[in-house]
Every structure is written in structure tokens, then in C-alpha cells.
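What follows are several structures.
Next, two complexes with subunit A in common: one pairs it with subunit B, the other with subunit C.
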Partner chain A sequence: MTAIYQALVDIVDADHVSDRPEELYIYSFDLGTAEPHRPDYVVAPRTTEQVREIVRLANREKVPVVPLGGGLSLAGLAVPLRGGILVDLKRMDSIIEVNEKGRYALLECGVSQGQLTSYLATHHPGLTHSEPGAPPTATIAGNVLIHGQGDLAQPYGFNSDQVNGLEVVLPTGDVCRFGSCAIGASWFTNHPLPDVGLFFGWCGTTGIVTRLSIRLYPARRIRGIGQFVVEDEELVPEIIGKITRTQMAEDVIAYSRAIPPFGLGLQHFTVNIAADTEKELEFKQEIIWDDTLGEYISRGQGGYLGFTRGLDHPQVSKSSDYKKGGGFEYVGSIMPIERYPECYRRGREISERHDIPYTVTGRIVGVGHSMMFAWTYAFNRADPGSMREAREALHETDDLVIELGGVIWKPGTYGQQLIIERLDPGTRALMRRIKEVLDPEGIMNPGNWEGV
Partner chain B sequence: MSIDTYEFNDLIHRCFRCGYCKFPTNWMDVNNCPPYARFRMEPYSCGGRLWLTRAWLNETLDWSEHLAEILYSCTTCRNCEVKCPLSFNVNIVNMVVAARGEMIERGKVPQSVRKFLENIDLHGNPYGNARSRRDSWMEGTDIDRYEGQEYLYYVGCTGSYDTRAQRAARALGTLLGRAGVSFGVLGSEENCDGNEVHKLGEAGLFEMLAENNVERFSSLGAKKIVTLSPHGYNAVKNLYPRYGGDFQVFHYTRLLLELIQEGRLPVSAGFDARVTYHDPCFLSRWNDEYETPRRLLAAVPSLRLVEMEKNRDAALCCGGGAGNFEIDLLGGSDASPARQRVRHAAETGATVLAVACPKCLVMLEDAVKAEELEGTLAVKDIAEILAEAAGAH
Partner chain C sequence: MYALQFDETKCLHCEGQDCLAKCQYIHIERNGTEREMVRIARGEDSFVLHECVTCYACEEYCPMGNHPFYLIVERQEALRISPVPRPLVTRAVNLGIPFRGEPAVKEINGPLLNMAAFSELTHLIQGRLFEGLPVISTDGRKMFHYFCQLMYLHYARSSVIKERLPGIIATIERHKPTEVICFHDECYGTYASYCPAVGIDVPFTPVHFYEYLYDRLTELKDLIRPVGFKVAYQRPCSSRLSPDKHRFVGKIFRLIGAKEVTREFVDENALCCGGTIQGQSREGSRRRAAQIQKKNVEDMKKAGAEVCVFNCPACLQTLGGMVAREGIRPVHMSDLCRFAIGETPAGWEVAR
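Then we have the complex of A and B:
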């Protein structure tokens, strides 16, 4: 038994610390194609104070610390590339406060999307949050920290735009709070204090967020999904512009995929509409389907596929079973909407080159300000060749994102290097200095954003 | 060894570890897989177990006592199968059971599992008690031996030997007698039903138990079998037909409801309490029986039934399935499933936690003591509640 192991047991407890092969094996993997790397220890703390003590221990011992939320980034962001202590944060899962009038929720970092959705539906049915298309085990904090987007991204932007405050254990073990909570007020706003902005998009290299406050939004009584389809991908940016101009929709997604075969080459739209009354719903549907999209139907360019009440959250893990192979990974990008046609065509080419049924998806972020465009590649986990094909397709797609003028979303190490190579020298120097100041021992999730 | 010989070698890699399996149907937390709820470390999740199994079968990971304990900590409650959105979900528990079978074939099982199976082989029960004492629960009753009556009342190991569960076994016997049901028991001639043996992956021992029981039941002319335990119910109803067992099988709740509806079992004395009901996995998720126990409780005057937030197919297992009531790989913590479950019950304001399974009864009563809820929350089998309501206790 090592001194570090015993120290971790002293900080947390023996049930939630391990250096045994079984735990180290499981925590060495991302769920996508990233190569596994074993941690030396796994620990699942319950409190901020325990996280702080773990980080202090890591500083003293100069061993890496890798924070893990839901583990669903599919980009290898929580794979312990240099070993060290993997910190599974999912036990920190208290919903500390929901403020009905202030419309915010204060959460511990391990609260899952499914947990918050269920809690709001039961205790605050008038409120909702922007829920990503990830499995419900994805954590709120993890999604926020990678600049995730949810089903309210069209009106309200990235989930990281919807944060009111953070509690962070810095790489030195200091604990800081940001937002209105930093001056002892409630966690109701992130403004107007000086913007620190040191934790979003940094892939856990600048600290461990232990609490956060996020904005909640009115949950309308009626929510549903309308579907529309066109054949010509060149029409998609124009249609998105028109739908978002109505400001009548919640979520707007355009997608195309090879399976089922009858959908091959078609561009589908799902448009979430919410209303408090039938009259309001009817009005919004008329504005969107008749007044906005009716011209495409009358010209024979598109078709209305109907409206389904209720939000049927996508069970994205089904993508993993396309090849009965248990695996999929995607490249996400933040992309100008006008690039949709090329994203679709070039992505389809990559998929077909690697013999993978193509799936491309564009979710609108902001009122048409950008989209998160994703290319998904299924693989068979039992077939190394299939995994290799998917990995190559993913790297080609990372290159494509840069070529098309987009920004790789939650990049893995390959994508991070593509970004670093192109990073403005002044920005790169500033990032380096920030990293050196915050993490003098270089212990936080090393291997990520390396070389800035 | 090779994964090629593993029964589910074409399936086991298909688990993505998306984690749906950790949730109850209402999504309220990630604590509905009993081992994961207990340890909150990924190897103990359903996906973690499947990935570890595959690694072991692929010889990427060596066998260890810890690996085996992780695998045997699964209570086979089937919450994962309810929640998993993928097409292979019906075989998740089968994959775990088959992996246990692989371990047994190689003689590599935890000591507690070895002892459990050894006791059943030697003594016909997992506790290691003498076969001759299997009828001790009947002492002081006038319950008859089975000699071709209409129903064979199969008590099972827990009801026969555990002193707490014996009270439930006697209550059911009293109720059947009160209703004028023609029934008898096997007493010391009864043997283990083997449900847990099957779930622990010991196919050979299970086959022997099943064949012997089918032979015994048949030779005695039994056509209708009523069980105290949902575990025994599951074995006789769903597993014994493979061995020629062709019986009408009832869990006792179904029979008692019929007796009440037919007016043969008056419960007019009532039961004045706020009661919440815990669904036992082998009655609910395994056999789709959610409403009969509730209808039974609703038939009792003065009884106020309240639901826990996790109910029906969202219920958290007590942690006792697949032998864990004795092997106890999930105990020793306030995060133990049974302790979590009695806290759920206490949150409803109920003063009685009703169960329909002797294993749940024992697990949850122990948990009430550990949570220091004695005096606040009593755990009772539905048979005991009905016996009180029938004035037969």
C-alpha cells in the first residue's frame, strides 16, 4: 500500500479509493476511440473540502489530477494521459437550491442532466434547463465546462453562457468563487464583476469546478417537435435563417443520415415549439409551417412531416449500435450556418470513404449566430480495424473543421494541437502564462492543451 | 481461455456504458443499480461489469477475488434491462450470469459464494442449517404435510430457516387455513428452489435441484403450487418448465387476493396504519406483477397506502437478490441498498413498510435497525398484515 493511497483513504474513505486493477482498467477508457491510459489511483470524493485535500496531496506529491464528470465527452478529455489520480466527481450530486423566482439552480458538480430534469419536473414544473442531446448521465457541470449546448440553445446560446457562478478548487488547492456568490450574495448572476473566464473550454487543466449555478427558463405547458424535410442541402442555411427570424422556436436542428436508407441524402429539420395555450401553439405553428416554410412546400422543394407533442429526448447511445458494435464518436464543431451544405457533403464523403454510414447534425446556437455541427462515426468495439477507420475519419474531420473555417468543439488532443498551431501568438502566450500561474506544478489533466 | 466460448461473445462488446442503466424510470438519481448505488465507482455499474467481464474473457485483465466480487455484487434486479435503450437489453443479466458460470467452471469464485453453494449442495439451504430443521417454522401450527391437497405451499429456504421470515411463513399458512384452502407443505422434505443458484451461475447444481424438485412435486401429484417467496415463484414458474415442471404456480399475493374477492378471507378487522409497499424484484421486474400486492393492501380497511417516489419498475432493489442476502457484498455502509430503501420508505411518513418477499423482509428489517428507525418504521410481510386484518395473528 502506497503512501498516496493511504492519504486518499484518509481524505475520503476506503470504499471510494482504489489502486486495484479493476478500477484502474475501467477508468482508463474514454467511451470513444481514444487510446486508454491507466490512472494510478481512483478516488470518488463527496465534498469540496475532500477535493481540495486531494489536489493539495497531488501538489505535494507532484502527481497528475484528472477530473471526471459523466465521462461522456467522447473526446478522451478525462483519460489520464499521464496517469495520476483520477477524481470521479459523480458522488457530489446534491441539488442545493432551486430558486423559483430567480430562475436558477445551484448544483454540485456531479448532478446529472437526468437528475435535474426529473427534479424540476417533480418539484418545479414551471422551470426547465437547456438539456443537451447526451445520455442523461452527462453531468451539468461537465457539459457547461466543454461549452455544451442544449435544447434551448437557439434562444439562449451555449450552456456556458447560462452560468451564474462557480465554485472552483484551483490546481494549488485554493477554493475560489466567481459570480455574485463571490461577494456573499445569492448565486443569481455572473455579472458585472471582472470576467475571469479561466475554466470553460480548458478541459480540466485549470481547476476542478465543484459547484455551479445555472439559469433556468420557463417550462411551457405544451412542448413538441415539428419535422420538415428538403432534398437540397443548399436550402438549409436559408431555411434556418427564416425559422430563427420568427423567434417562435426553441430548438432547431438540421440533420441527415444514411440510416434508415429512405432518408439518405435528405435534409431533415426538427423544430421544437413551446406554448402555454392551444391558441398560442396554433399561432406559432401557422407562422412557422405555413407562413415561413409553406413556400418550400408549394414549390415542391420540401415537406412537412408532422408535429409530435412532448419532447422525446434522443437516445444518442443508440448510435453506438449501428454496427452492432457498441461504439461511436463524433467530431463537433462550432460553425457558421452558411457552411452547412459543405459540412454535409464533405462529411458524407469521409464517412463513405471509411465505410461508415454517415450521420451529420447541426444544432442552431443563438438566434442563428452559429451552429454546432457534428459528424458521427459508429464503430465496432470488438473490431480493431473498425475502430481504426473511425479514428482516421475523426482526424480527417478535425482537419475539415479547420479548413471550413469552424472551431473544433471539445477537441481531443489531436484537435487541440490543430488549434494550438493556428492560435494567435498573443493569445497563446497569455494562455501559457495563465496555466503557469494557476498550475505551477503542472498537475491538472496534463496532456491537454499541452504546448500552448 | 477465450471469449469465443462465452455464450454472449457476440453481444458483450455492444454496451456503450451510456449509463441509462443507473437510473430508475423517473430519472431522479443514478442510484438504482444496487452495486453502483452502494459503491458509486464505475466498475460496479452495469456497464462497468460488462466491460470488466469482456476484459477478463479477453485475458486483458486477470481474475481476482475483487473482480469476482464486483461481478457477484449484481443482484440481478433487472433495473438495467428496464432502462437500457439498446436492443440487447433483455440479455444484460444473462450476460452477467453467464460470466459467473465461466468463473464457476474455472473454480474461481469469492469465498462467500463458494460457501453459499456448498451449503445448498450439502444441506439444501444457503445457511448451512440441518435439513432436518427445515420444518422448524411449522412448530406450534397445525399445518398439514402435503398429501395431494389442492395446493402445495412451497416455503423456500428463507421462510423455513430465518426466524424473522418464519413469522411470515406461519402467517401465510394461517391465512390459507382460515380461508379453507386445501393445502399442505413438504416440511423437512422440502429442498432449495435453486433460483439463487441459477443467478449465481452454478448451472449444474441448479439443474440437479430443479430436476429433483420437479420429480418430487410431480410424484406427489402436485398441480398447483403457491410460494411464499417471489424467488421460488420465479424458479418454479419460469425455470422448471425446462425440466418438465408443468405446474400452475402462484405467488401467494395472487391467491390471497382471489380468496378475499371470493369472500373466503374476511379482513374486516382492518389494519390502521400508513403503509408503503416495496416491490420485490422477482415479483415485479422479473414477473411483471405490480398491482396485485397493491390491490391486496387496498382491500384492507383503515390501511392508507402511500407510494415511495421510486415504485413499481423504478423501485430500488433491497440488495438481497442473487444470493446477496447471505453473501452480503453490498452491506456495511449507509449506502447499502437496503438502508437507502428504508430511508425512501421513511420519507413517505409511512409507519409500516410492506413487503411480499421473505428476503426483502429480512434485508429491510435489518436496515431499519441500522438506520435506527425502530419505533418509527416497522417492516411487515403482506401476509402478516393480512393476518392481523383477518384477526388471525
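Then we have the complex of A and C:
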């Protein structure tokens, strides 16, 4: 038994620390194509204080620390590239407060999307949060920290735009709070104190978020999904512009995929509409389908596929069924909406070149301000050749994102290097200085944002 | 190539002109119907081709058995007058293409039940009513090998039906059926009405689902306990292709003690569920479908219906939630029959 292992047991307890190979193996990979790397230890803390002690230990011992939420990023962001201590945060899963009037929830970092959805439905049915298309075990904190987007992205933007405050254990072991909570007030706003946006998009290299407050929104009595379809991908940007102009949708997604074959080459839209009354619902439907999209229907260019009550979160994970062996990974990007046609065409070409049925999806973020466009590639986990094809397709897609003027979303190490090479020198220097100040020993999730 | 057997002279000698005169969706004076049908028969444009909502009802209204609806669809296709936008046509045409391998074919040498494109609804064929009856197309991955294709009448694509249907029939035939009980009455309409109309051979005897249900209920008569529900029936478009079988609705209701409410939109005057109309190209189609649906459900409600009985799964999907929100229980006919013989279909625990 090593000294580090014993120290971790002293901080947490023996039941929540492991260095057993079979358990380290589980934490050595994620569900994507990233090469596996084993941690040396896995620890599952329950409190912020325990996280702080773990980080201090890592500083003393100069071993890497890798924070893990739901483990669903797919891009290898929580794979311990340099070994060290993997901190599994799923036990920190308390919903500390839901404030009905202030419409926010204070959560520990291990609270999952499904947990909050279920809790709100049971205890606060008038409130909801912007839930991403990830499986329900994805954590709220993990999604926020990668600038995730959910089913309220159209009116309210990125989930990282909806944060009221954070509690963070810095790489040195210091604990900081940001937002109104920093002066002892409730966790109701992130404004107007000086902006120290040091944690979003940093892939766990600047600290471990242990608590966060997120905004909640009115859950309308009726929520459902309408669908629309066109053949011509060139029409997609203008249709998105028109739908978002109505400001009557909660979520707008455009997608195309090869499987099932009836959708091959077609561009589908899902438009989430919510209302409190039948009258309001019909009014919104008239505005969107009849008044706004009616011209495409009467010209024969667009088809209305109906409205279904209830929400079905889009899950690209269904594409893991395309190949035997059940694997999939995607490249996400934040992209100008006018790039949709090229994103579709070029993505389809990449897929077809690698013999993978194509799946592309664009979720609108803000009132047409951008979209999260994703290209998904299925592979067979048991076939190294299939994984190689997928990995190559992913890298080609990272290159494509840059070429099309987008920004790679939650980039893996390959994508991070593409970004670093193009970073404004001043920005790059600032990022390097921030990293040196916050993490002088270089222990936080090393291998990510390396070389800034 | 298969060709529709349509006799223009029958229209010229028809006194009633019911095909268009009775249409609930196109306004046309009785004295104008002959002119429009002759135009259509001669391959000329007619406003009817643009305004048809593809409800199939004129097939039933025609007293001459002359297939006016099949003709309308053929002419729509020939003149490229699509009732629905192009992307919906593409999507629908692609939908029927099998893509997950060939079905495993077992020879039955007797009657069988064909689930066709509703493999996922086998929960509707459970219990004693279906005991011992072999079933084909129960694998959702292979169901399009059994898909009757008649849906393409809504899309002005008779050519797709004619191209694919012989292959579908051949697949069913490989099971060596003597009789094919059709779960969906669109399949029954395909084999009993459309195929003879266009000259496609059907080497088996199609049996309507309701006729089968009625016969089985009769065999199990001792088990029947009158259900006593006040019921409304949502008649599907495809029922217009087999109006002679529509009488089994009333016969089943009487046999199981369901009380059919008196309503305006019933039998020949039944309203479309709106599922097809809402996606059509004509301006205001979605709104129009919503109004038809509202009128339909209000009629059920006004008549005092407690239960709305469905035949077609698509109608159930389109209207089921709507009737439920009005306090009327949406039910498939087979579940109602199971309930009548003392079985408890899924979700019926409360009713019992």
C-alpha cells in the first residue's frame, strides 16, 4: 500500500478509494475513441473539504488530479492522460436548494441531469432547467463547464450562460466562490461582480467546481415537438432565421441522417413549443407553421410532419446502433448558422469516405446567434480498423470546423492543438499566465490545453 | 404494367354523381360533378385534383364500382399535382424500403394474421381471440417486406404501389397462407379492392380483421359480458375501400353490448382523422385539419361517447390524445373485444 493511497483513505474512507486494477481499468477510458490511460488511484469524495484535501495532497506529491462527472464527454476530457488521482465526483449529488421565487437551484457538482429533472417534476413542477440531449446520468456541472446546451438553448443560450455562481477548489487547494454568494448573499445571480471566467471551457485544468447555482425557468403546462422537413439544405439557415424570429420556440434543431433510410438526404427540423393553454398553443402553432413556414409548404419545398405532446430529448447516442460493437463519438462545434449547408455536405462526404452512415445535427443557440453543429461517427469497439476509421473521421472533422470558421466544442487533445495553433498570441500568453498562477505544479488534468 | 380499369362511360350514365357530390371536403354542385370526372378520366386538369384531401371516401360513394379515387390519384401523379409537399413524398417513398435484411419465412399452410407495417403493435393481438393463430411480420426490422404500400395513395404515387406490391404479395405467399387476416384494413383494401382494380393477382384470400374478430367472438360467445360503454367509432380512410366490411363494426358492438352513440359524423359521413390533411400543400391545411379534428371530437362528446374505438393505428396516434383530453377513452377495437370476454388488456385495470 502506497503512502498516497493511505492518505486518500484518511481523507475519505477505505470504501471510496481504490487502486485495484479492475477498478482503475473502468476509469481508464471513456465511451469515445480516445486511447485508454489508467489512473493510479480513484477516489470518490463526498464534501468540498475532502476535494480540497485531495488537491492539497496531489500538490504535495506532485501527482495529477483528474476530475470526473458523468464521464460522458466522449472526447477523452476525463481520461487520465498522465495517470494520477482520478476524482469521481458522483457522490456529491445533493440538491441543496431550489428557490421557487428566484428560479434557481443550488447543486453539488455530482447532481445529474436526470436527477434534477425528476426532482423538479416531483417537488417543483412549475420549474424546469435546460436539459441537454446527453443521457440522464450526465452531470449538470460537467455540462455547464463544457459550455453545453439544452432544450431551452434557443431562448436562453448556452447552459454556461445560465450560471448564478460557483464554488471552486483551485489547483492549489484554495476554495473560492463566485457570484452573489461570494459576498454572503444567496446564490441568485452571477452579476455584477468582476468577471473571472476562469473555469468554463478549460477542461478541468483550472480547478474543480464543487457547487453551482443554475437558473430555472417556468415549466409550461403543455410542451411538445413539432417537425418540419425540407429537401434542400440551402433553405435551412433562412428557415432557422424565420423560426427564431418568432421567438415562440423553446428549442430548434435541424438534422439529417442516413439511418433510418427514409430520412436520407432530407433536412428535418424539430421545434419545441410550450404553452400553458390550448389557445396559446394553437396561436403559436399558427404563427410558426402556417404564417412563418406556410410559404415553403405551399411551394412544395417544406413539409409539416405534425406536433407530438411530450419531450423526447434528441440523443445522438442512438447512432451507436449503426455498427456492431456499439461505439460512437462526435465532433461538436459552435458554428455560424449560415454554414449549415456546408457542414451537412462536407460531413456527409467524410462519413461516406470512412464507410460510416452519416448523422449531423445542429441545435440553435440563442435567437439564431449560433448553432452547436455535431457530426457523429459510429464504430465497432471490437474492431480496431473501425475505430481507426472513426478516429480519422473525427480528426478530419476537427480540421473542417476550423476551415469553415467555427470553433471546436469540448475539443479533445487533437482539437485543442488546432485551436492553440490559431490562438491570438496575446490570448495564448494570458491563458499560459493564468494556468501558471492557478496551477503552479501543473497537476490539474495534464495533457489538456497543453502548450498554451 | 398494371393499369387501372376505369370506365368513363359509367360516369356518363351515373345519375347520382355521388363520388364528388357527397365529398365533405370539396364544394361542387351536383350538376358539375360529371364534367369534372370526365375531365379527370380524359387526363385533363381539374380543380378536384388540386383540392382532393385523399380521404378515400369517393371509392365508397361511387355506386358504379368505378374507382374514382384511384383514378384521381393516377391523374394527380400523371399531371404532377402532388397533394403533399415534395419532402414528404420523398420521406414517405423511402419509408417503405426494407433495409434490415430479409425476413425469416415459415410456411404456415393455413390461415395467418399479417401485422404488415405494425409489427410493434403485437400487444393488440393477445389473448384468447388470437390463440393458435399464426402471425407474420412481427419483427419491426423486417416489417416493410409486408407493407401493403397503399399509403402512397395519399402521396399521388400509384406507380410506387404498382412497382412494389407484387414483391410484397410474393413474400406473403412464401408463407403458404390459405387466408390472410389483415390487421390493418388498408391491407385488406389493398388485396380486396386495389389489386383487382389494377389487375394485380392476389394468390390468397384476404380476410378483414373485424370479420375475424366477429367470428372469434361468436365462437367465444359464452365468455362475453356486455361492456355497456357508450362508444363512438373513428372510421379510417381505408375502410372506404371495403364498405361491405364496415357493417362488422355495428355487429361487434351489438355482440359485446357496446352502445354506439348517435352522431353526425358516422358511417358514410365519417370524418378523416386529419393526419394526412395536416401535411398537405394547400394553404391552411394544418389549421383545416385541426378544425376537422375539433369538429369530430366535439361531435363524439356531444353524443355522450365514453369510449372512442379506433381501427387504424395512425388515426389512434393522431386523435387518441385529443379524445383523451376531452375525457373520452381511446381504445383499439381488439382491446375492447378482449375486455368483453373478461380479459384485461394493458392499461385497462382501472376500467375493470
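Following the convention adopted for this analysis, the second predicted complex is superposed on the first by the 449 of 452 C-alpha atoms of A that agree within 3 Å, B and C clash if a C-alpha of one lies under 4 Å from a C-alpha of the other, contacts with A are read in each partner's own complex, and residues count from 1 in each chain.
Heads up, the rule we're going with is that a contact is a pair of C-beta atoms (placed from the backbone, for glycine too) under 8 Å apart; a residue touches a chain by one contact, two chains touch by 3 or more.
This one's a predicted model, so the numbers in the text were calculated from it and none came from an experiment.
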{"item": "Subunit C versus subunit B on the shared subunit A, clash or fit after superposition", "value": "fit"}
{"item": "First, second, both or neither for A:302, with subunit B first and subunit C second", "value": "second"}
{"item": "Residue contacts on subunit A - larger count, subunit B or subunit C", "value": "B"}
{"item": "First, second, both or neither for A:23, with subunit B first and subunit C second", "value": "first"}
{"item": "Cα-centre angle that subunit B and subunit C span when viewed from subunit A, reported as a multiple of 10 degrees", "value": "70"}
{"item": "First (subunit B), second (subunit C), both or neither touched by A:294", "value": "second"}
{"item": "Contacts of A:47 with subunit B and subunit C, given as first, second, both or neither", "value": "neither"}
{"item": "Partner chain in contact with A:186 - subunit B first, subunit C second, else both or neither", "value": "neither"}
{"item": "Overlay on chain A, subunit C to subunit B nearest C-alpha distance, Å", "value": "10"}
{"item": "Common interface positions of subunit A, toward subunit B and toward subunit C", "value": "none"}
{"item": "Touch list for subunit C against partner subunit A, complex", "value": "82, 84-88, 90-92, 94-95, 97, 99, 275, 278-279, 281-287, 290, 318, 321"}
{"item": "Subunit A residues within the subunit C interface of the complex", "value": "229-231, 259-266, 282, 285-286, 289-290, 294, 296-306, 309"}
{"item": "Residues of subunit A touching subunit B in the complex", "value": "15-16, 18, 20-23, 25-27, 29, 31, 42, 44, 70-72, 88, 90-91, 93, 112, 114-115, 117-119, 122, 135-137, 315-318, 320-321, 324-328, 380-382"}
{"item": "Residue numbers on subunit B that touch subunit A, as the complex places them", "value": "13-20, 22-23, 26-30, 39-43, 48, 51-52, 55, 60-62, 64, 66-67, 70, 85-88, 309, 333, 335"}
